[in-house]
Each structure stands twice: as structure tokens, then as C-alpha cells.
Amino acid sequence: MALDKNQIAQVIARELKDGYYVNLGIGIPTLVANYVPEGIHVILHSENGLLGMGQFPTEETVDADLINAGKQTVTYMPGASFFDSATSFAMIRGGHVDITVLGAFEVSEKGDIASWKVPGKLIKGMGGAMDLVASAKNIIVAMQHTNKEGQSKLLKECTLPLTGVNCVKKIVSDLAVMEVTDKGFKLLERAPGVSIEDIKAATEGTLIIEGDIPEIIL
Amino acid sequence: MNKVLNNAYEAIKGIEDNMTVMFGGFGLCGIPENTIMELSKTNIKGLICISNNCGVDDFGLGFLLRNKQIKKMISSYVGENAEFERQLLNGELEVELLPQGSLAEKIRAGGAGIPAFYVPAGYGTEVGIGKESREFNGKMHLLEHALTADYAVVKAWKGDTHGNLIYKHTANNFNNMMAMAGKITIAEVEELVPAGELDPNCIHTPGIFVQRIFQGVNYEKRIEKLTLSK
Amino acid sequence: MNKVLNNAYEAIKGIEDNMTVMFGGFGLCGIPENTIMELSKTNIKGLICISNNCGVDDFGLGFLLRNKQIKKMISSYVGENAEFERQLLNGELEVELLPQGSLAEKIRAGGAGIPAFYVPAGYGTEVGIGKESREFNGKMHLLEHALTADYAVVKAWKGDTHGNLIYKHTANNFNNMMAMAGKITIAEVEELVPAGELDPNCIHTPGIFVQRIFQGVNYEKRIEKLTLSK
Amino acid sequence: MALDKNQIAQVIARELKDGYYVNLGIGIPTLVANYVPEGIHVILHSENGLLGMGQFPTEETVDADLINAGKQTVTYMPGASFFDSATSFAMIRGGHVDITVLGAFEVSEKGDIASWKVPGKLIKGMGGAMDLVASAKNIIVAMQHTNKEGQSKLLKECTLPLTGVNCVKKIVSDLAVMEVTDKGFKLLERAPGVSIEDIKAATEGTLIIEGDIPEIIL
């Protein structure tokens, strides 16, 4: 059975370590914050200038001057700090953020990622995504393995305009956990009840299967 | 030394057709509402606007867009704006999109007298087309050039008569660097105090970067995506 | 997350012979006294030190110099130090001198992931020898590369358990950028408080840049040139 | 009669305009602060991270955490701000400082300046001088016209290692006020009682004399 969005987030949350500075993109990545393992304290970075992002506010605490990179109202945690956008991206570009989780339209077996533009649709802009993928030490992509038509989104080569090249390290899809290696997508774990054959069928790029591939334990 | 003006009407003096103007803010957070509103009442047109976003249909830079006062936008994200889409598809508006961190650093570089610098963002993508690239530490980088503007318009929480500025929370965003990068920088503030009242250890933008300052009025501070805890 | 250590002895763990270490401070102002003193008690040698100055004969980095723990200094100004002069003339010490602003920006670039950038300072002087040069806006510039360090050691006025730092007056100087540029950054502070006690709008160095923090003791804060009004 | 150090400072102070941000080097330039014309408010920039530098402190107000670029204890004025060295040199490099006054060993007729190193003597370093001369919009040099041996310090070419090229705009020496032009040192004013011949004799570089050269009014 394929993972739902929350389960994908839950699997990614296992990567978090105590003291990590974490940047979570819009969509599934945001859900990762709900599954931080017990005893682990991470600090959320929002690229519009906040380290130590908290939950959404209540009607009483809402503040127009306090938003996240998705422009949603948020709060801040004890130990938070605010800063300008140049400093915020100095954190990203300088490799100070420990882990970056973001969504993707497509990922190639070389770790290229396409996530910002679909030709023919309106260009909205890349925001901070290109900076994040170009510089993050550890990039995990949260995505669906296939599109609505059942076509693979894990490809030999991306077909859409790229956000960055050779940068994705790990992918958690609804079907599997994979590492991006020199030789292609290395299958690490599969969703409960999903067979290796199912994953093979859903993956256009090179899929490397070595040894036993355990099921994800949720 | 007198940098203090009474209102946005006085502050925008000198802004003319076809000038390059930076506007601080991220989405609708920390935008110079008074100055944008005042500009929207003028016939100034052909502006090249440098701003991370372009407001929404009926707020922020959306006002200038609606009036067709903007010739070109230099931004990182221009979604959530139907009029923007219309003008872009009709060829009435030019857009240059840049990665957000590169945009921020290009503006800081403009203010800091650094004409160009290298960043990895955008290499291998269409952002890199036409740009010089070079390897450092085994990784490819793009050469990005500084951005400056005829005028920079920023919004702060508190300011003093010397032009020192303090921002609140995430309303800092692009304001601090843009203040550095304007040939003339206009700062509108929620509260203007005499020099000496702000803590000199807690100034975000030192007054040297600010040529004009005024206390704004009637801040709406519209929220783009109100999101509350359940 | 625990960044808090008890003292300089614990904080310097991992600093080894021949490493590159940045030290904050300008002259004797804002130097990490505790950590320097602790390093001077070790046998660590061959250090490449990046610091705007090199202390005086009997204070600051002068301690490490006296013990011959420093192999090379990267600085902008190294006067007021007889032992420094002696070692330099004897060939016991290497020195790389850089314009102060270029030094500051190279360190910031190191912390900000910018591998290289252009500045006008030093063009046409011996600082430019062996460096690439290029014209921008009708003016010649030098290509300067980023500086990083195995360890950066900084001194702040107040700090919290998350590593957030606030400096006092001109004791900020190089500390803020160096905190960004160390692979491991050690911060010693005069007052260490629990996370949440510092104003989040008034943090100079966000905690993400600081890996180790401790509250220092017995700050002498020696004044290099006491100058009083008549 | 040649100007003394204070008079040189006094002449330079005439260049100050209300609201100017001013960087004063060590030595004679520091004295300029004592001659700010009445009704004019300037703000002193100290490159170690202070805008709005005040007088020297008293024994009661002295603070080890508050020094100037010459490492002297100072105070700060209302409206002051403190910042790191990168921001401080952003002000200088970005052309935000209105006027820079500094000393020199030698200046050439092309506006080159030598001020930081004498071969054979110990190298102390350039500090912020190279940044200042490379970027300041308006650089005024305060210097003696000749050295102790009576040799000119205003030369065709500098003999000492340079601090910067093609940057000095104006020179106020003990003998004269000069502008650096494409064609050489243009004599603007002469010290009271100092003749044009005296200045010619003391100037190795090209000296341009056009029309009447008035005496400096102190």
C-alpha cells in the first residue's frame, strides 16, 4: 500500500537528528514538522528571515509581521532570531542548514531536480528553491513516484526546466525510499505491501536493487 | 542634517519615469505601503521595479501594476496575481526572475560596492543562460552582478531622525539590503523617534544608508495567507 | 541540542596542530580572552591564525605568538608587537596582509558560501600581485577568494543556550563574520542566558552559526590606548 | 608662513557640509573634528564598526568595548549605531561615506597615494587604508609638502609602495591647497605669506598655476 502524504513526512522525519537546523519546503515537507521524533529538538529555518519557526498562531497571537516563506502566518519559538534575506541565504548557501526537504515535479537518476516551472503554464518564479538545492548539504525530496497518468517522475533525464543539477541525495516517494548514487536510484526501503516489481515499473530511471529491500516500518 | 519628511508625497519627490526602484518586503509583509500608495496616485510610469514579489491584485505593488506604471519586474516569485499574468502574457510587462538568495545578495553587493560575485544557485538551469560560470572547490558557480537602484523604498518598524532603522520580526527581509543599494533611500516607519532613543547596539540599518525618512500612516498590514492553529 | 560547555578547556577540544583558526576582535577589543589563554596552555602549534590584529606582546594573540604556536598570520594590521617583529624578521613567522575591508568580506563570503568576489581595494598595489583583476563600471577590481577556518573563536557580550549572540559597541567588529566562517565556531560570552531571554529582533549572530558556547570568566578587557578628554 | 597641523585641519574642515558622513584617518585628519564649522552637523565613521563617534571619554565613561580605528577609547553620540566590520566596509566600499581625510607619505600627480609601508622598516599592515582610498567618493589628503630633508612629497610618480592608484582628489599641505587633475596638481590656494615660487620649488610633480592664486583665509 502506497504511503500517504503524512506517512511520507513521517519517514522523512526519521532523518532528523537532535540540534539539526531544518528547512522545510511547501506541501508535504511542511508536514515533516509534525513527526519530529521524541527527544529530538530541531530548529526550523524559514528563508524569509526566521530561525526557530513555531506553529501557526491563534487568532489572539496572529501578527502580520511574522510569516513563513509560504507567506502563512506563524509564531516563533524561544531562542528564535530574525534577520534579513541576505543573511538568511548566507545560512543556506554557506551550508549551515543541516537538512532541506522539498517537493519535486521530477528527479533524474543523476540527482537533477525540476520543481519550479511547467512550460505553457504561468511562470511564478523559483523563489528560494534554486538557492536551496544548489547549496544544501543534505537534500531530501518528498514526492509522488508517478504523476496522475501513472507516468514515472523518477527519470533518466528531467523533461521540465531544472531547479538544480546533481544535488538530490535522497528521495522518499509514496512507494519507496531511495538514495541517489553515481549509478542511479538505489532502492533502500519499500512501502508496506509494495513489491520491488511495482517500484521497478514505476521508475523510468535506473533503479539499483542490491540485497534484501526491507519494508518501511511506520 | 534633516532627513525627516512629513509624508510619502514629499518623500517620492524626484522619482521619474523609467527609473529603477527597489521595494522592500516579502509578499505583503514589510512593504512600504504609504509610498506605494502615493506612487500609484502619480503618472510616473515605465518603472523597473526590483522587489522579491509583486504584491497581489489589490494590494502592494499590485496597485502600480494595475495602473501600468511598471515596465519590468526583477523578482524571485511573482505568483498570486492575475493582473500580472495578464500583462505578462500580453507582452505589456517584462520579468526577470532570479533565485531569491542571489537576488538578496546582488542587492547587498550593490550597496556594499561589490560589482560581482560567484554563487552556485542556478548553475545548469535556465537562470544560468548567458551568465559566466566557473568552478570553485569542485563545484560550478555563476557570476552574478550587483544591483543598485535610483531609489530604494523600505519600510521599518522604528526609525530615528538620523535614519537608523529597526525592523520587526520577518518584516526585515529585503528591506535592510535595499536600504544599502538605493542611490536615494526612502524609509517609511511606523514610529519615528528623535536620534538617541534607539539602542545603538540594536540598529538593523545604520542611518548612513537612509536619505529620507517619514512616519507612515494607516498601515493596513494585510495578511496574504492567514493560517491559524487548529 | 546541547551547545553549552563549562569553560574554555572543554571548548577547544579538537583544535590540533596546523589548523586554521579565526579569532574575533579588533586590537584588544572584543577578543576571546578565555579561549586564547587556554590555547596558550596547550602544546598546539603550527596554527594559521586569521585575525585583524595579533594582540600585543603580553596580551591577546601575543600569548600564542610568544609560545611560537603560530605559523602564519592573516591580518590587516600587525603593529604594536615587538615579538611579532622579531619572529617575522627571523623568518619564524609568515604573514599575509590584506586590506581590512577585503579581509572582513572574505570571511563573510566564507560563511555565506560565496567562493569569490570582486573589490577595488588593493588594485595597482602589491596586494594585487598574483591576483586576477577585471574592470567593472570603468574601474579595476581584484578577485578575492573566501576565507574559512577549521575553528572560529569569537567573543560576545550576551549569548543564549541556542548560540545566539549579541555584541557590545565596537566589540562586534570581526566576531560576527568569523562566527559564520568557522567549520566549528566557539563563542565565549560574558553572560550566558537560557534560550528565549534575548530579544529575537536584536540578535547579531543567529545560533545556527555557533556550535559551542560557554560563559567566560575573569575578563580583563585590557585597553590598548587609553585616551581621555582633557 | 606654512600652516601648522591644526591649520591644515581647519582648512580641510571647510569641505564639510551639513549631514556629511566623514571618515578621518589617524594624525592630522583626526584634528579636523575640532574645526567643524558652526551650524554644520557631521557624523563620524570609525571603520571598526561605529557611526556617530564622539569625543574621548572621561575616566568615568571610559569603556574597553568602545574604541576607534586607532584603538583609542572614544564615546558615541545620540543617533549612533554599531555594526560588524563587513557592514562598516560596505559603507566605505559602497560609496556611502561622503568624505575621507587621510595622511600620506607621498602623492603622485595622477592621484596615486603611498601611505602604508616604507621598505626596510617593519611592515605593520595597511589596515583599512586601501579600502578607503579605493572606494571613497571624495578623498582629501592632509600632509606635509616636503619631508624632513626638504624633498618634495608631491611627486610625478610615488617611490614608496602604493596604497591606491588614481584616487586622491584634493591635497591640503602646510604650503597649499591643490586639486589633483588629469594634468597634475592644480594650485588652488597658498598658505598666508607663501609664494607661488615657494610652492613650485617644493613640488616635484607637475604644478598647474592658472590665474590668481589667493591666500588661504583662516
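For clarity, chains are labelled A, B, C and D in written order, and residue numbers in each chain start from 1.
Methods note: a residue touches a chain if its C-beta (ideal position, glycine included) is under 8 Å from a C-beta of that chain, and two chains touch if they have at least 3 such contacts.
Owing to the predicted nature of the structure, the values given are computational and were not obtained by experimental measurement.
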Neighbouring chains shared between chain B and chain D, ordered by label: C
Of C-D and A-C, whichever chain pair has more C-beta contact pairs: C-D
Chain whose mean Cα position lies farthest from chain A: D
Whole-Å gap separating chain A and chain B, where each centre is the average of the chain's CA atoms: 29
Distance from chain C to chain A - Cα centre to Cα centre, in angstrom: 36
Whole-Å gap between the CA centroids of chain A and chain D: 55
Per-residue multi-chain contacts in chain A, two or more chains: 76, 82-83, 86, 89, 92-93, 135
Multi-partner residues of chain B (each touching 2 or more other chains): 105, 108, 112-114, 119-120, 167-169, 200-201
Pairwise chain contacts under the document criterion: A-B, A-C, B-C, B-D, C-D
Chain A contact footprint on chain C (complex, rising order): 1-3, 108, 110-114, 160-162, 164, 180, 194-196, 200-201, 203, 206-209
Residue ranges of chain C in contact with chain D within the complex: 26-30, 52, 75-79, 85, 88-89, 95, 97, 99-105, 107-108, 119-127, 157, 167-177, 204, 221-229
In the complex, chain C residues that touch chain B: 105, 109, 112-120, 136-137, 141, 145, 166-169, 199-202
Contacting residues of chain D [partner chain B, same complex]: 18-19, 21, 41, 43, 45, 51-52, 76, 78-83, 86-87, 89-97, 135
List of chain A residues in touch with chain B within their complex: 46-50, 55-59, 62-68, 70-74, 76, 82-86, 88-89, 92-93, 112, 122-131, 134-135, 161-166
